[in-house]
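Both complexes below contain chain A, partnered by chain B and then by chain C.
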Partner chain A sequence: MSNALKDLLFKMADDALIIGHRNSEWTGIGPMLEEDLAFSSMAQDKIGHAQALYKILNEVLGEADADTLAFKREEKQFKCCQLVEQPIGEYDFSIVRQFLFDHAELIRYDMLTQSSFQPLAQLAKKVKGEIKYHVMHADTFVKQLGKGTEESKARMQSSLNYAWHFALGIFEKSEFENELISENIFAGEEELKKRWLEKITPIIEAATLKVPVTDESKIIYGGRKGFHSEYLKPLLDEMCEVVRTDIDAEW
Partner chain B sequence: MVEQTIDHRQQTIENTVWEILENVKDPEIPVISVVDMGMITAVQLQTSDFRLRTCSITMTPTFVGCPAIDVIKKNIHEEVMKLGFDEVEVKVDFETKWTSDRMKDSAKMKLEKFGLAPPVMLNDDELTEAQLNNVRCPHCHSTDTTLRSAFGSTLCRAIRFCFSCKQGFEQFKPI
Partner chain C sequence: METLDPRIKRLSLKPSTEVEKTNSHLITYEVFHQEKRGKHVTHVGVVHASNPEMALLMAKEVFGRRGKTTNLWVVKTSDVYTFSSEDEDMFETTPEKTFRDPAYYKVRDRIEKFQNKSKV
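And then the complex of A and B:
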């Protein structure tokens, strides 16, 4: 059971850390001050969530401490989905990614409030309240820009189409899927994907955008098994640059 | 009888610990103590031979990624050590979930005076758009205000605008 738990916690923590890092790249360059603050705050939240998950891995499941897990692992050891690794692009891509990712994350945490693994259930109850603000933020802008000008609508649709098959990669199953379900730890990626589609479809429609057509063969898998896009390595190099200058330094 | 005396003594010390914790403020909102915020979830004492051995304090963070946690932990440790314990342990966990409903009414009044609109009660835990409206401006007390951004200068603050006094203000987010 502990390998199944570790796999689940690593993918959640790595998703949060990497999207947190990407969000932080908007600090100072947001299209308006409020958005600069929003992405910076969400970055701080996400990195906090990653830290709390790494702490469970450390304190309950015997893995290394949070800093080691965040800064001293190799690219192939990361279990994040490829959606979160993608560069921030322009604002429309970042907001669409946030919309697709955060809805999945909120539903995942909502499901985990029922988890038989208490440390995760407790954390999930807390984190849920924070991510609600992220989702609210994404929904507001998806609707406003979807219904905005011709240009904003076209940009949103094009980013949605581009991000769609990356987003479906969030739900890549692991070898532990059945174990997680039968042990009542987590109700599974399939269930999560179903609820996610039910949740986001009416919002996309309310934004007068089209839900992209899913082509199963185009879904971008691999992240959960350590296969990443060309963008993760440079991100890790930058994120870990200071730590690597003196790997044993005390902070 | 002796046991009763010890119990009584234990209670008195525990009360003293709660009192001294009033000196520890949230560094981002220096008018409110960690007790007023509802962040302290347990105080446990170990005494023996009428000596203060260890004091264990459990706190629950307002936001998971709150950067002030370590400072608060350190400040709690320093304050409680002043009472003469051999050891003070400060634990952070999520066993009791912090929500803004845990904030005492007196704390909410202090927040408003400080210029920060206090959070509305959530009760059932589900945040709705309606709860984000009808917030009173801490400067002119008008409720004709609107949410500008759910994200502000710290994780716990949102930015609002008051139509009555035409001022921007911050609100402690209901969470």
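And then the complex of A and C:
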């Protein structure tokens, strides 16, 4: 059971760390002061979630400490989905990614409040409120820009189409899926994906955008098993640059 | 996709003759902050936004990300009706009218009490 738990925690933590790092790239160059602050603050929240999850891996499941897990692992060991690794692009893409990713996060944490694994259930109850705001932020922007000008609508639709098959990769199943479900740790990726689609479809439609057509053969899997896009390695190199200059330094 | 990383892509500054209208499509909203349920909401500042929903969204991180917050209010700046600054003279003598200040009576009470005591 411990391997199944570790797999679940690593993928959640790595998703949070990488999306947090990516979104923090907007700090200082956001579209306006208020939004710059909001987006940066949410990116910080994500790093906080990653830290809390690594802490459970360390304290309850015997893995290394959070800093080691975040900064001293190889690309292959990361279990994040490829959606979160993609460059920030233009603001429409970053907003669409937040919309697709954070809706899945909110439902995942909501499901985990019922988890038989207490440390995770407690964490889920704690961070649900933060993610609720992230979702509210994404929804408001998606509606605003979807119903905005001809340009904003076109940009949102094209980013949605581009991000869609990456986003479906969030729900890549692991070999531990059945174990997690039968042990009542997590109700599973299939259930999560179902609820996610039910949740986001009316919002996309309310924003007068079209829900992209899913082509199963185009879903971008691999991240959960350590296969990443060309963008993760440079991100890790940059994120770990300082740590690597003196790997044994104490902070 | 082209990078927006400022360390790679530097901001290209426009010639000074071109004046860019930033945020010209946005209006301002006054933000009020409530620390605890039942407590007064206090004016804390202003955000730029295109509608009340956006204003509240921005206010949350600008004014609610540190310390305790229970709720926030936003009000369109143009909806706030105020006196003209020329009318400030209407308030000039108010500080002198201490008999309108409840603290004045508290002090009066104590003085009278003291005076009565010394009589006995």
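Operating definition for what follows: the second predicted complex is superposed on the first by the 251 of 251 C-alpha atoms of A that agree within 3 Å, B and C clash if a C-alpha of one lies under 4 Å from a C-alpha of the other, contacts with A are read in each partner's own complex, and residues count from 1 in each chain.
Quick note on the criterion: a contact is a pair of C-beta atoms (placed from the backbone, for glycine too) under 8 Å apart; a residue touches a chain by one contact, two chains touch by 3 or more.
Please read all numbers here as calculations on a predicted model, not as lab measurements.
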* Asked: Fit or clash for chain B plus chain C once both are placed on chain A?
  -> clash
* Looking at the overlay, does A:52 come into contact with chain B only (first), chain C only (second), both, or neither? -> first
* Asked: Between chain B (first) and chain C (second), which does A:29 come into contact with in this model arrangement: first, second, both, or neither?
  -> second
* Quick one: classify A:247 as touching chain B (first), chain C (second), both or neither. => neither
* Asked: Does chain B (first) or chain C (second) touch A:1, or do both, or does neither?
  -> neither
* Should A:133 be classified as contacting the first partner (chain B), the second (chain C), both, or neither? -> both
* Could you tell me if A:37 is touching chain B, chain C, both of them or neither one (first, second, both, neither)? => both
* Which residues would you name on chain A as touching chain B in one complex and chain C in the other? -> 34, 37-38, 41-42, 133, 136-137
* **Interfacial residue positions of chain B with respect to chain A in the complex** => 63-67, 93-95, 97-99, 125, 127, 129, 148-153, 155, 159, 173, 175
* Residues of chain C touching chain A in the complex -> 1-6, 22-23, 26, 47-51, 53-54, 57-58, 60-62, 65
* To do: State the interface residues of chain A toward chain B in the complex, per the touch definition above.
  => 34, 37-38, 40-42, 44-49, 51-52, 122-123, 125-127, 129-130, 132-133, 136-137
* To do: Name, in rising order, each residue of chain A that touches chain C in their complex.
  => 25-26, 28-29, 32-35, 37-38, 41-42, 86-90, 93, 133, 136-137, 140, 144
